[in-house]
Amino acid sequence: MSGLGPAVVIFAKDVRLELRRVESLATMAVFAGLVVLIFAFVGDPTPAELARTGPGALWASILFAGALGFERWFAEEERNAALDGLLLAPVDREFLFLGKWAGATVFLLALEALLVPVAATLYRLDLGGAWGAFAVLLVVVTIGYAALGTFFAAVAARTTASQLLLPVLLFPLSVPLLRAGIEGGQALAAGAGGDYRDWLGLALAFDVLFGTVCTMAFGTVIEE
Amino acid sequence: MRWFPRSWRQLWSTLDGRLYHFLVDVRPWIGWFAVGTMVFTFGLVFWWVPLEAIQGYPQKIFYIHVPSAWLAYASFAFVFVASILYLWQRSRLWDIFARCAAEIGFLFTTLTLVTGMLWGRPIWGAFWTWDARLTTTLILWFIYGGYLLLRAFARPGIDVGRIAAVVGIIGFLDVPIIHMSVLWWRTLHPAPVVMILDDPGGGLPASMLVTLLVSLSSFTLVFVYLLIQRVWQERTAENMDLLETLLDRTGRGMPAKGEAL
Amino acid sequence: MSFSLDQGELLVVAGPNGAGKTTLVRTLARLSRPSAGTVRLGGAEWLDAPATRQREVGLLSHSTYLYDRLTALENLEFYSRLYGLADPQARIRSALEKAGALDLADRRAGTLSRGQAQRVSIARAILHDPRLLLLDEPHAGLDPHSIRRLNDALADLRTAGRAILLTTHDLARVPESAARFLILVEGRVVDAGRRDDARNGLERRYERAVAGSAGEP
């Protein structure tokens, strides 16, 4: 198959698999929602406090739910050694990664579509007319996070403590994305368009750099 | 590397061997030199360099803290280069090099954090402030930790060196970006207590600069010595294991000269 | 070890557990890299060949490479798309039929018994009609009827000119038509040859080879 074909095939397979077990996506959504909720109990629900904790709560829940998800979505390939089945196929390893990456991105975005309104309501987050710009930032950050997450899920799968190692490796390296998300959102709330563009630029550069590196390095990780 | 001229490729393929043996031979000299400069540094710090006006005695931690930080980050550069070389050349030496550099880098990062905390306590009354550099160093500590945990928990039978190499490369590429984002963060929302970790205001007086540079050199020598020592240990251990495996397999003793294993 | 395999030939690699049969098969399928050695497939260097040449091998092993929540049919559709096969539906039907798994088409892979899953996996392995079919202990978990059907399918493939390498530790189930064999013990080929005499000859040599290795210091 030429071009992105194999990646699309894998993406479609992942979507179909995910739809078959909606209960797991629902579980992730509930978990993420709980994280958002718990952050509210951290301080007093005064408007000032809420405005401060809100973005953190939202992004933290995305981070944690994502970590759960990446491990789960890759674990599907571990069962019945399906990953070997993929390695047997005449597909370049880069396309295998692209397919998994796309799937993780879409699932995470679906989760965020639920989380953002919930967090916005609970924390009275108000971006005025800038929700479109925030959506752009959200998508860019999610793409980068999904790249790292999918990649490190594969790395962690090669260890005997995969559930420990995925967050340990993933979180420190995702700090720039977390910062970009929070700062970018706050810049929008404060009307600081220049700052927003800076953070969006950082996230974009991050995506391009690590998207490329992870795609190229995926083969090294999953092959014996 | 098919396009390299034969002679070049030969040089490359034996470069790690020659480098290794050279460093092992030079090791004791570096060791003694390191001890000497360390003693000298000690002398300078406690008997020569003047006491800093505002901070007083605790300021002297600066002469340990800054070199530690420098080496913590430089060490990661070693991991980066060794990782690339391992992926490219597939020579065991580079994998060992990367792992040992990570171990020692982890050590120096811990030292940086601890000295930073010990310094902060008497000066600002708090063990920790979210200064940009300290924060990035803390994240670096976690990245090192994750790298070492990855090697520790790898499934037996897989070539963890290649996976670790990739993680090392990604980590190294990310550190400047992490630092940038943390720096932007801390300048956008500065903490009420402003950190003056190294510069009391204006440039560093000459005596302090000299002491710092001497300390830096001595720490670097210690680093290099530790690195060679560790690499040598690990390389020897691996060779022993290989020998043991080979002997097990044949079930006989050491082969006679000229006899095939 | 060193050996060759011709088109239309069936080579049986027999050996006790831990002999290296699975490692051999995985290396030939390029799922593992050997530390030394070369492999040539179709006259061309194999181990470093581009990934697109993977379609030339098929592998059947202990793992089924199936997705539990997809039906057998959906699994095969996925693989046929991944391999870029023309006329997938017809090929899938044909593969399922040869493997004797047509009735399992709409069952989710996770609900299948070991033997049933194995049959679907056989269909998956032959789906893309590989030049070289590698079977790692394929008879494990199969009832005699399925074994006979598998052996028939293998005979058909041989007639079509495909090369087959089959590993086993149980000689009773080896197809009658297997002409060549290798006996592998602890990573070494200790016996090889053609099976022209009765089955007893092969079994005796096998037992002797296994016993011989146990006695070695």
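To keep things simple, chains are lettered A, B and C as they appear, and every chain counts its residues starting from 1.
Note that in this section a residue touches a chain if its C-beta (ideal position, glycine included) is under 8 Å from a C-beta of that chain, and two chains touch if they have at least 3 such contacts.
For clarity, every value in this text was computed on a predicted model and none was experimentally measured.
**Q** Going by the touch criterion stated earlier, list every chain that contacts chain B and also contacts chain C.
**A** A
**Q** Of all the chains, which has the CA centre nearest the overall CA centre?
**A** A
**Q** Greatest Cα-centroid separation from chain C: which chain?
**A** Centre of mass proxy via C-alpha means gives B as farthest from chain C.
**Q** Rounded to the nearest whole Å, what is the centre-to-centre distance of chain B and chain C, using the mean of the C-alpha atoms as each centre?
**A** 49
**Q** Suppose each chain is reduced to the average of its Cα coordinates; what separation in Å results between chain A and chain B?
**A** Chain centroid spacing, chain A to chain B, equals 32 Å.
**Q** Any idea how many Å lie between the Cα centroids of chain A and chain C?
**A** 39
**Q** List, in ascending order, every residue of chain A touching at least 2 other chains.
**A** 224, in rising order.
**Q** Note which residues of chain A are touching chain C in the complex, please.
**A** Touch residues, chain A against chain C: 1, 5-6, 9-10, 13, 16-17, 20-21, 76, 79-82, 84-93, 223-224.
**Q** What residues of chain B sit close enough to touch chain A in their complex?
**A** Checking each residue of chain B against chain A gives 87, 139, 142-143, 145-146, 149-150, 153-155, 158-160, 162-163, 165-167, 169-171, 173-174, 177-178, 180-182, 184-185, 188.
**Q** Taking the touch rule as given, give the residues of chain A at its contact with chain B in the complex, in rising order.
**A** 151, 155, 158-161, 164-165, 168-169, 171-173, 175-176, 179-180, 183, 195, 198-199, 202, 205-206, 209-210, 213-214, 217, 220-221, 224
**Q** Give every residue of chain C touching chain A within the complex, in rising order.
**A** Those residues of chain C that touch chain A are 26, 29-33, 50-55, 57-59, 61, 63-70, 74, 78-79, 81-84, 109, 124.
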